[in-house]
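The data blocks that follow each hold one structure.
In the two assemblies presented below, subunit A is common to both, partnered first by subunit B and then by subunit C.
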Partner chain A sequence: MNGFAAGLWESLVSGSKLIWPQIFLTFAATVMLWPADLFVEKARKHVWAPITMVILALTGALIYLTEPGVGFSDMYKVDGLTKGFQALIVLAAFLAVMLSQKLLDALREQTVEYYALILFSLVGMLTLVGATDLMTVYFSIELMAICIYILVAYLRDQNRGVEAGLKYFLLGAFSSGILLYGMSLVFAAVGGVTTNLAELNRLLPVVPQSSSLLVFSGVLMVLVGLCFKVAAVPFHMWSPDAYEGAPTPITAFMATAPKAAAMGAFLRVFGTGFAGVSSDWMLPLSYVAGASMILGNIAAVRQQTMKRLLAYSSIAHAGYMLLGVLGKGVDNAQAVWLYLLTYLVMNTGAFAVVIILQGKGEGERIDDFRGLAKRRPFLAFAMMMFLLSLAGIPPLVGFFGKFYLFKLAVESGLTTLVVIALVTSAISAFYYLGVVNQMYFKEPADLPEGAEPEVLSTGMTLIVGVTCVLTLVGTLAGPWLVNTMFRITWI
Partner chain B sequence: MTPLWLIPVLPLLGSAFNGFFGKRAGKGVVSAVAVGTVALSFILSLVAFFAMQGAAGHRLEATYYEWMATGGLSVPFGLVVDPLSGTMMLVITGIGALIHLYSVGYMHEDEGYARFFCYLNLFVFFMLMLVMGSSLPLLFVGWEGVGLCSYLLIGFYFETDYAPAAGLKAFLFNRVGDLGVAIGMMALFGMFGTLTVSGILTQAGHLSPEAGWGLLTFATLMLFVGATGKSAQIPLYLWLPDAMAGPTPVSALIHAATMVTSGIYLICRLAPLFSLTPHTLTVIAWVGGATALFAATIGLVQRDIKKVLAYSTVSQLGYMFLGLGSAGYAAGFFHVFTHAWFKALLFLGAGSVIHAMHHEQDLFRMGGLKSKLPITFVTMLLATIAIMGFPPFSGFFSKDEILYLAYLKNPALWAIGVLGACCTSFYMWRLMALAFWGEPRDHHAFEHAHESPWTMTAPLAVLAVGAVFAGFWGIPKAFGGSFAIEGFLAPALTFGQSHGAHAGHHEGPAWLLAGISTTLGIASGAFGWWMYKDGLAKGEALGAKLPGLHVVLLNKYFVDEAVEAYLLRPVRWFGNLMWKLVDVILIDGIGVNLPGALTRVAGDFTALFQTGRVRNYALTMGLGALLLLYVFLK
Partner chain C sequence: MEALLASIAKNIFVIFGLLAVGGATAMVASRSAVHSVLAFLFAMLNIAGCFLALGAEFLGMAQILVYAGGIVVLFLFVVMLVEMAKGKETNKAVFTAQAKVAAPVVVAGAFAFLAVFKDTVFGASAAQALTLKPGLAEGLDVARNNAQAVSRGLFADYLLPFEVLSVILLVALVGAVVLAKTERV
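Up next, the complex of A and B:
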């Protein structure tokens, strides 16, 4: 008994080296909530945004410094994939916080909880991308999700936000049930000996014929659970409502960070744990990917508000990214990572423009973009670049991400899906250019009396400017990014 | 050694400055920059010109870098000064500078002052590239560039209806010709594997003349098609009369003195090549002769002073081609040189008249201006005597040399040329009589008429000196001269090869021919002056006696109408068909809008499922999972 306790201690100490970023985040967020917040006057709560940004920067440094390794009885692993996706997630959070500060000021909704919840959700995400055990996967998904439910409903005076949060929570609970049930079926199929992904990979292909339905149903349910998190069709229905109801910076955050985390989990669980039984999930997942591209892009065509449009567009982008999971290679995983990075840049830029224009938190209608080029030429130009980049038009950075992903997918033999992806990309240009049309070829709408002021600050200008420049010239850094920055390797 | 690149680059800088800052800089600065850069270019051209005469083989060449290199094609970016391009450079920058100076006065009250000089300087740049380029592609850049500037300047008064249309017409006609140049260049590349002028000519030196209709004849004919476009020869001459819609200095510089002669320049540049293709030369001679007479007859009855001069230019360009086609490259080019002086002078004089008459261009509303515009009158008179070919004015020597060579080639060509010269003499004296003699027919305008400012009259005077004396550079051998210009141009025209320009060694009745043409010219000139010196009555009476001929000439042989009916209308009809059927219905409708509409319908359909109710969402998820299960188990 003493030996076990000592072994446990040993494992905790050695494992803790791997999770310094998470430990630091937890500690920092806790101190922020109590006691630090006691000393911040109500009128000065906005100081939490820069503090959070500093914490995130330090977390980024810790991620960089963490040595690769395996810990906690093979339940968690730090490798290129972990570090690459963790960096993405922290960057997304950093940008979301930057987007939040001025808007929350305008809404008079600055609280420490908002920032602390972002940090706590981050702990879940950072753990998720390093999870090498179904149990780690599950609890980190829950940690991430619960924080985000609350953030969606953060503006508790607004019915729409509360409704969205509640819907998301109910459906999220439903999907968690499916996920957990699927995991238990997989656990049962291998005889109840392990939930470790590497072990599963070894055992699953050799389960007896009688248990094969068990394996298949289990894998399928895990797939459904993860598809819910990336908002893939037909498990996407929560996302337009949640995206619309959430405070816009949280929408931007949800479209990137949790999506990156879930994609990392997808790559890890299906690329390692279920790789041996890929014949079980390849077909369903390719249906999901194709359906996401088609439905996401088609439904976006008729949207009236910018946030819903971007929500459907993010469903379609999830479909594209699933190509990388289906491709099942290290290169494909890199392509997904790269795609997420480009998506983060242009998506954040687009949301920043929406936030600047939307005043005090009312949903921004696409009609409101009418004649923006005349009123705010720079903003309109930047928005046009983000939209064209989202549509994948060369030489913008979005094209580069798509090109790399699609090219590898073709090499992996996913020709049919790539054809669907290309056709639906063309459809996506239709609605993205619809907004450009509003901005450049329509007369400006008469601004109503007492129109809300723009949410403009140095930070917002900086975000729009930097993301716009990156969108324009990011392609130049492409080969460097691909070759040297992150060699995402694992297994 | 002079940095050759500075010569074209200076006007380019001037153009850029006036284009970007001209509006803010004010007219004084704009004028100084525009005139100054061209004048500096002229000085540098002079330096280069004399340096060239001292250089080995009378040739300066500077290669700056490899411009294009793909496959077997390698084109250096290089500039050349030899007797041919050197003379052109002096004409372009010298007469160009004078016309820039003239424009300072002429355009003074125009809104687009800076824009005008931006275009005009740009034109000088491209024209210099055309003549200085050491390779055909570089020449073609200039060729296209002057076409662009011509288009911009013809359409300069873009608020009017006719100017942009005239610009477009010029551009389209030139495009047809440009295609010829491009095809010719490709053919030459196919034959010689190089596109530098020296490379082609060196290899051409090893070939013997082509007896039949071979590839070389095809290539040279294609180049000649390009020349007919740029130099307004039949059948691509229609644009030049319309080009008079541009400001008068533009007509003088671009549409009389320089750009329109680039077709002749192109043929002279590749003279050894054309010498190898006798069939092409024959075609050139006949096209040139026909144009010379044809355009001159139209000029007989025109009322617009600039239109008369425009047809005169077409006609004179025809003479130049007649000379080239008779293997008299030096003679043709000599006429380019003399024509540049007297035709620029005539246009600027006409501009001075128009300026004085408050933008009145109708000869029938002028009259009696002799006393009001003395300087304009005298200088224009000198130019008229020069163009009619009265010895020893400049036009006499150059035109007579051409007619003499034409006679040696085919006496019929000579007859056509003499007939054209008679018409020339007639319409020029008619123009002078209508404008300067007789009673004023528009008293209001007459009373306000006044001599132009010095910026306009000074260029007239300088050009007049040239119009009188330029001919002495090439007194034909038949008249005891040495035809100095031929010896001067020889290094460029023969490119050090034995065959080439060797015309003029045959014997012919030179004195007799010159006597006939000069006598007839003087007679028809006197007749034209007598007809119109007292007003319109006698001319109208003559027109009434020959109604058919008068109507045909007045309507320019109805060529524009024929082109409209048999070429443009079918093309427009076909274009309309393609637009309405193929583009609107097939591509826009079925190809684009139909999928768009279907997508929208599909989008609306998906919205039906987004009910906003959690139970429906959960149901969708459950059904989706079951569907996936079914898909797999099926």
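Up next, the complex of A and C:
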């Protein structure tokens, strides 16, 4: 008995070394909520934003320092994939917090809970990308999702926000149920002995004929659950409403961090766990990917508001990224990581511009961008770069990520899907350029009397400037990026 | 007498099960919400009895603590508060319209489910489904030491998901406060 207890203690000690970032985040967020918040006056709640940024920077350092390893009875693994995606997620959260500060000040909605919930959702995401067991996958997805449901409905005085939060919550709870049911079917199909991904990969291809239907339905349900989290068609219904109703910084956060986490889980679950039964999920997933590209891009053409346009564009981008999951290999996972990194840069930049305009009571509708080039040349130029980059126009950084992903997809034999991706990319250029057209070639609807000087907060200028420069010259860092990318492995 | 006692002991699971079904029926059928909650409590206690009859003492006790102790009391509070606020509102015809359609659909669905998953649910492997991993069961008679077996699963094998779950509960609390609090800043 003592031997058993000693073994437990030993595995706990060695396992906890792997999750220092999560332990630190949980601890920090809890202390922020209580008792630290008691010492901050009501009018000074905005100090939580810089504190959160410091915590996130420290988390990043902890992630960098974590040694690769496996722990918690093979339920969690730190490897190149884990660390790469964790870095992406922390970066996305950092940018989102930076974007939040001014907007929440303007709305007088600064609270410690907002920042604490971002940190808690991060705990879920960081665990999710390292999860090597279906149980860990499920619970960390739930943690991530519940925090984001609340953040979406954060501005609960606005009907739009509450509606978005409720819709997202109901659909999300439903999809979680499907995901969990799928997992239980997979668990039953292998004889109820394991939920570990590596073990499943060994057992799933050799299940008896009588259980093959069980495997098929289980894998398909897990696929549906994860597709919901990355907002792929036909499980995207929640995303335009949720994107529109959420506070804009949270929209920027949702478009990047949870997507990166869910993609990481997607790559790991389907790349390592269900790789042996790929004939079961390849066809459904390729339909999902194709439909996301087509519907996402075509529906975006008709949107009148900027946030909905970006929501549909993110659905289309999810479709592109699923090409990497379909490609299966480690190199495809690397391409998805690179794509997410470039997407993070340009998407955050675009949302930053929207937030700056929202501070002046505009920027919601695409019409608000009319004549922006005359009023605010710098913002208009930056926005143009982000949009062109999202469309994948060379030599901007978006093209770099897209090119690499599509090249690998062609090599994996997904020619039809790549053709669809290229055609829909051309369609996407149409609506992105439509916004550019509004900014550069249309007269402003009603120019305010007396040209207003460009007053921007330092933080926002910094974000727009840095992301714009990165979008412009990011391709030059290509060799370095590719080198970093090659560290993303799961072996 | 001896024979009667023996047969009761043998069929105790069935007796508790039937009582639980009776409680559940009374819960649905009763007009007053308070009676419904009390019938629900009765059903829950009988389900705990079923667990005990199957030798799952830990689950039985947890059932009594959580459902009978916590949830039913919570229900009673809510029912009383709502009744006080609302007065009596009788709305008998809630489910009658859908029941004609719903009942056959549910039965058909249940049969379809059984037809598809018959082999897995009642197959040879089903009995082993919830056993502990051999490494964890080391030096432990799982059948005798129920609570210990559960604790080993919870705190050794599934420690990480369990801890993540505790953070989820914390987040749910914080979320309720965030969404329900009236004044801010």
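Heads up, the rule we're going with is that the second predicted complex is superposed on the first by the 467 of 491 C-alpha atoms of A that agree within 3 Å, B and C clash if a C-alpha of one lies under 4 Å from a C-alpha of the other, contacts with A are read in each partner's own complex, and residues count from 1 in each chain.
Note that contacts are C-beta pairs under 8 Å (C-beta built on N, C-alpha and C of every residue); 3 or more make two chains touch, one makes a residue touch a chain.
Being a predicted model, the structure only gives us computed values, none of them experimental.
Superposition of the two structures on subunit A leaves subunit B and subunit C fitting side by side, clash-free. Contacts of A:13 after superposition on the shared chain: neither subunit B nor subunit C is touched. With both structures placed on the common chain, the touch criterion links A:31 to neither subunit B nor subunit C.
When the two structures are aligned on the shared chain, A:430 is found in touch with subunit B, with no touch to subunit C.
In the superposed model, A:47 lies in contact with neither subunit B nor subunit C. Within the superposed three-chain model, A:300 lies in touch with subunit B and out of touch with subunit C [touch as defined at top]. Look at A:476: by the touch rule set out above, it reaches neither subunit B nor subunit C. In the superposed model, A:156 makes contact with subunit C only, not with subunit B. Contacts of A:192 after superposition: subunit C is touched, whereas subunit B is not reached. Subunit A has more of its residues touched by C than by the other of subunit B and subunit C. Closest approach of subunit B to subunit C, taken over C-alpha atoms in the A-based superposition, is 15 Å. Common to the subunit B and subunit C interfaces on subunit A is no residue. Within the complex formed with subunit A, the subunit C residues making contact are 116-117, 119-121, 123, 125-126, 128-130, 138-139, 155-161, 164-165, 167-168, 170-172, 174-175, 177-179, 184-185.
Within the complex, the subunit B residues that touch subunit A are 596, 599-600, 602-604, 606-607, 609-610, 612, 614, 616-618, 620-621, 623-625, 627-629, 631-632. Contact residues on subunit A toward subunit B in their complex (touch as defined above): 166-167, 170-171, 174-175, 178, 216-217, 220-221, 223-224, 228, 233-235, 237-238, 240-241, 280, 283-284, 287-288, 295, 298-302, 427, 430. Of all residues in subunit A, those touching subunit C in their complex are 1, 4, 8, 11-12, 15, 19, 26, 30, 33, 42-43, 45, 72-73, 75-76, 108-111, 113-114, 116-117, 120, 123-124, 127, 133, 135-136, 138-140, 142-143, 146-147, 149-150, 153-154, 156, 165, 188-189, 191-193, 210-211, 213-214.
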